[in-house]
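Have a look at this one before I ask anything.
Letters A, B, C and D mark the chains in the order given here, with residues in each chain numbered from 1 onward.
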Amino acid sequence: MYQFLKRFQSLDRRWVFLGMAISIVLPMLFPVHFPTKVDERVQSLYDRLEELEPGDKVFVSADFDPASRPELEPFFRANLHHMFSRDVDIVIGSLWPFAPPLVTPMIEDLAAQHGAVYGEDYAFLGFKMGNELAIKMIGDDIIKAFPVDSRENVTADLPIMNGIRQAQDFELIMSVSAGFPGTKEYVLQIQGQYNLEIASSTTAVSTPDYVPFYKAGQLFGLAGGMPGSAHYEQLVYEDYPVEGVRMMATQALDVLNLGHLYIIILIVFGNIAFFLTREVEE
Amino acid sequence: MITLPLTTTGFGIVPLTAEVMTLSNLAGVWVSIFLTLAIFSFLYEDNPIYKLAEHIFLGISIAIGATEIYFGVFKPNLIDKLAEGRLLSIIPLMLLVMLLLKVTKKLDYMAKVPIAFIVAAFAGVKLTGEANANLMTQVAQTMPDLPAVYEEHGIWSWDADGAGVFSSIFLVLGLCACLLHFYFSARQTKSMAVVSKVGIIVLMLSFGASFGYTVMGRISLAIGRAQELLGLDKPPIEMTIGAGGDPINRMSLVRMMSLTTLIIIIVFLAVWQKKRNHQED
Amino acid sequence: MKRTVPLIISFIVGLVMVGEFFIPHYKYRAVTSELLEWGLILAAGAFILGLVNLVQVNLPVVIQKKEDWGYKLVMLITLVVTLLIGIYSGTGRQDDGEHYKWLFDYMFVPLNATMFALLAFYIASAAFRAFRARNLEATLLLAAAILVMLARVPIGEAIPVVGDYLPKVMNWIMDVPNIAGRRAIFIGAALGAVSTGLRVILGLERSHLGGE
Amino acid sequence: MNKLLKAILLLCATLLPTSGYATTVTDLSVESPKNGDGLTLDISWNISVEGEHADAVLVVRSKDGESWEQTGDIIAISDSAAYEHSDRLDVPGTWSYKVVLLNADSPEDLDLLLAQARTSSVVSGEPVGKWINTNQGHIALMCLILLVGWLMLHYTKRAMSGDEIYIRKMPGIDAIEEGIGRATEMGKPVLYVPGIDDLQDIQTIASMLILGQVSKTVAEYQSDLIVSCCIPIVREVADEVVRAGFFQAGHPDAFDPTSVRFISSEQFAFCAGTNGIIHREKPATNIYFGRFFAESLILAETGYVNRSIQIAGTAEATQLPFFVAACDYTLIGEELFAVSAYLSRDPRLVSSLKASDMIKVACVAAMIIGTILASLDNDILVNLFTISG
């Protein structure tokens, strides 16, 4: 028994890797769907967006890169779909250098679906370097932060920017954030100073960091990780259905089941083996 | 909280429009599959295919970062403004030149001025931001009105995820204990030790939550890659390659390409491993 | 001179940026937003330095054909080619059919995403081999982690009886102990930022300027 | 000619009796906001509706009686209600405002519209820019910053004049020396990783300060040290620091310049390189102090498998769980900053630490008293700590 456990503990880690791969691929090939309850933080985000009137302006900060795409793309798409469906004007900007090439096709795709006009119904201001400094500038003078948009138009001349000078002039700010700089920096730098309404969609890794901001009322909604995106997807596509839409986060959430179980089993078995062999050694 | 009946799963309804895939797109999909599997081959062992992919990654990520920074900052905020003849923009240009002098041996001390500028600017901005959002607001939010909480949730309410007077007091005292755990200039008395221990317990629960979420985040990323390798990232439409030809299902096509690439990489690894074993003998 | 000028600049710039929070007047804001813009340009400038450093480190390896020089060459070629294509393509670089977009979509995206996806596998391995409940702290941490992992996926909710309470307990951990712990770390970080910030502005902290 | 015509039309319009719909604009007022920037005016008005009403309203403004221009969007109306518009100006000065009532057949041209449509009376105002924000919260924050500054200077003075400021010992600190001792016994090196962030990060600064002490101890034990760096400039500073440490310990000859290594500035390449060191050179003790990201897990796991003693410290909350679960000792958050003060005894660091401690105690007191006061319906402390717009 002791020998077995000892051998078990020094199992080549490539077998562990293989197990992980199987527990991800298997439920994708043979999907099993479990229903899930919508989180209160996502519900509150959705409800606030439902209060928007046609013509209201929202600033979306798309701060993610390909690595965090699986978690945030479903939210970003559903969010644009949600706001376009409500005739809300959307201005998008980004603080991550790798975000523009990633989000431009998504924005154009959704704008085309809703027949939105560039410059009037939506605009993409592009990437701005400088992390906290850039956020401070968005709070201070967004035209100065983004003198030209991603298509080299003069930002101040865009009809959608009429009456907009700083972050405060937007109805809401949506921060789709994969880390630094992102939601936390928005809250730190300008939320309190200008009393802004901000909601966040973020990766699982950052979620526990942002919950205190949500509880303190610094964020009005928080969609965390894959479940957050999946819940929001469910809410949006339930009320604003689209034919043939792929609910990527919902699909991924079903796959996560086995992945989590696998990790839990590894921790439990690893510890059992560790304690049994340690007792024998002592 | 409400429970929603789910009408469409991820594999839902699919529009049956045929699309044309250009050869460049086809090549792109294959390259992307190859690079993905090449990086994953590191899980077996560090090998030439992985090294190749890794160095391509280094080169391309730096170049794309530089391009986006050029179009996102240098062009609009500096070059365009200088071209307009804005005299004030000469100052950042000078600071920039001083910064770049860092690579020289003789004038590298000049870079201290722009470095001082940027560090001080960050320090100033962070100072007020942190003190406001992370200190003042967080403290202000940890002063619950207990009678009001009792009226709303009672001592403990399962319906509101355990909100209530107990949790409110736990939050205040827990936070105090954590803060006192970080009180370094206090002499270690018995009561301080107890408070400190409570602080540690609260911190560990907090880290546990973080841990669980991080596991979820990392697996989510792997799921994203698997979705692409299995062709689940886009609807499985029928498509033709180039102008003519028979239509083929996108999902089957991607899966076929993934499988072939996987086999090629495995064969390569096997040969490489054998050759290496041989050399070692 | 070499020492005093940076210190004076630190003092002035830092103080002006702190004032930004307290002084709403537009004339003052015009000054701060100008300074912020310079900051943005300098932050971008640091990237050029990195680029130069990279070439300085790798080019000699290729020229002298040291170990792995082939890979370094691939890296430098990829770098130069992508950079040229990017600058040449200009504003429309992200349009369909552009080479830059192709490089981004089919090379950069999978590479970046897969690098991070490797961590899912490392977590599995670490879970099996390194995460041990060796003391009270680690035990609590692992227990809370397992609970969150279970509650955060649909299958956890599907467990009879326990499944109803699992998300509630998890939300309680997130809303109460998690917030208490985070706020303590936040407050600590804020105090760190305030004291370090003041040290920088007052010229007491000089490690970024090359020490004493 | 056109202008003259417009002027005549305008005159006629003002002379014509107001008729049509029964919508009236009342209480139109212009105010400069309390802590205004000098380029903002708040306009507010009430609309009362009886029977058939106008479809929408539009706010127009004019500087010093010059031509009128639209400001903001057209606002649709349906009921009697109060409206407000926060107007952004391009230049300061006296601005006049009026509200124009619109219906379906109002002309698009603004001059014609102003001539034909019914408008409210004109009000004027001048934006006032404030040179200090007088919000309670802002004042409180300023006092707090000044207080921290004063405390720091106060304790620096005390520390410099030889006053001992007590700092408690943290469990990880003893482990550092034990780990170095163990490495000496085993004849294996000590590995030190200062995180992967740039020099301007406070955690990297703290790590460099600790490295100075560690290298001194290593030199005293005559053991070997490997420092693995991710940022070129951090390597330069680390090199200086270790050299100085060996010098202070009286063994300047024992310092090996190749022991402080630059691995790669790319996160995962750095990680792979450091993993290689752990695998091949088998350090007996691994010390990770600084700012870590995703690589924390990989390093800690490799070290665990290699059976090294591992001591970690970071303020990066998302990475702490992995260090706690896989390392023998972990310094959490602020403890990292305290270590440098504890080991170096530099008055500037010690005084910062002491000042932070005092504020912490003040926060604890504020929260407990604030909770009691809030429960007695007294929000004075809550308001003091709340900063709003």
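We adopt the following convention: contacts are C-beta pairs under 8 Å (C-beta built on N, C-alpha and C of every residue); 3 or more make two chains touch, one makes a residue touch a chain.
Fair warning: this is a prediction, and the values are worked out from it, not measured in the lab.
Asks: Go ahead and name the chain pair joined by the largest number of contacting C-beta pairs.
Replies: B-C
Asks: Using only Cα atoms to place each chain's centre, name the chain farthest from subunit B.
Replies: Comparing chain centres, D lies farthest from subunit B.
Asks: Indicate the whole-number Å distance between the mean C-alpha point of subunit A and the mean C-alpha point of subunit B.
Replies: Inter-chain centre distance comes to 10 Å.
Asks: Taking the mean of the CA coordinates per chain, how far is subunit A from subunit D in Å?
Replies: Going by mean C-alpha positions, subunit A sits 20 Å from subunit D.
Asks: Between subunit A and subunit C, tell me the centre distance in angstrom, where each centre is the average of that chain's C-alpha atoms.
Replies: 16
Asks: Residue numbers in subunit D touching 2 or more other chains?
Replies: 141, 144-145, 200, 268, 317-318, 321-322, 324-325, 333-334, 360, 363, 387
Asks: Of all residues in subunit A, which are in touch with two or more distinct other chains?
Replies: Residues 17, 20, 24, 35, 37, 40, 67-70, 98, 100-101, 128-130, 133, 136, 192-193, 205, 208-209, 212, 215, 225, 227, 254, 256, 259-260, 263.
Asks: Which residues of subunit C are in contact with two or more other chains?
Replies: Residues 18, 20-22, 29, 36-37, 39-40, 43-44, 50, 53-54, 91, 93, 100, 104-105, 108-110, 112-113, 115-121, 123, 125, 127, 129, 131-132, 137-138, 141-142, 145-146, 149, 152-153, 167, 171, 174-175, 178-179, 182-189, 191, 193-194, 196, 198, 208, 210.
Asks: Tell me, which parts of subunit B touch subunit D in their complex?
Replies: That would be residues 46, 54, 58, 61, 118-119, 122, 127-128, 131-132, 135-137, 139-140, 142-147, 168, 172, 175-176, 179-180, 182-188, 203-204, 207-208, 210-211, 214 of subunit B.
Asks: For the complex, which residues does subunit B have touching subunit A?
Replies: Residue list for subunit B touching subunit A: 1-15, 43-44, 61, 64-65, 68-69, 71-73, 76-77, 80-81, 121-122, 125-126, 129-130, 132-134, 136-138, 140-141, 161, 206, 209-210, 213-217, 219-227, 230, 232-235.
Asks: Under the definition above, what is the set of subunit B residues touching subunit C in their complex?
Replies: So the residues of subunit B in touch with subunit C come to 24, 27-29, 31-33, 35-36, 39-40, 42-43, 51-67, 69-71, 73-74, 77-78, 88, 91-92, 95-96, 99-100, 102-103, 109, 112-135, 138-139, 142, 158, 161-163, 167, 170-171, 174-175, 177-179, 181-182, 199-216, 218-219, 221-222, 224-225, 228.
Asks: Write out the stretch or stretches of subunit C touching subunit D in their complex.
Replies: Listed in rising order, the residues of subunit C that touch subunit D are 18, 21-29, 50, 53-54, 57, 115-116, 118-119, 122-123, 125-126, 129-132, 137-138, 141-142, 145, 182, 184-185, 187-189, 191-196, 198-199, 202, 204-205, 207-208, 210-211.
Asks: Which positions of subunit A touch subunit B when the two form their complex?
Replies: Within the complex, subunit A contacts subunit B at residues 14, 17, 20, 24-25, 28-29, 31, 33, 35, 37-40, 43, 67-71, 97-98, 100-101, 126-130, 132-133, 136, 146-148, 185, 187-189, 191-193, 203-205, 207-209, 212-213, 215-218, 224-227, 234-235, 237-238, 241, 243-248, 250-252, 254-256, 259-260, 263.
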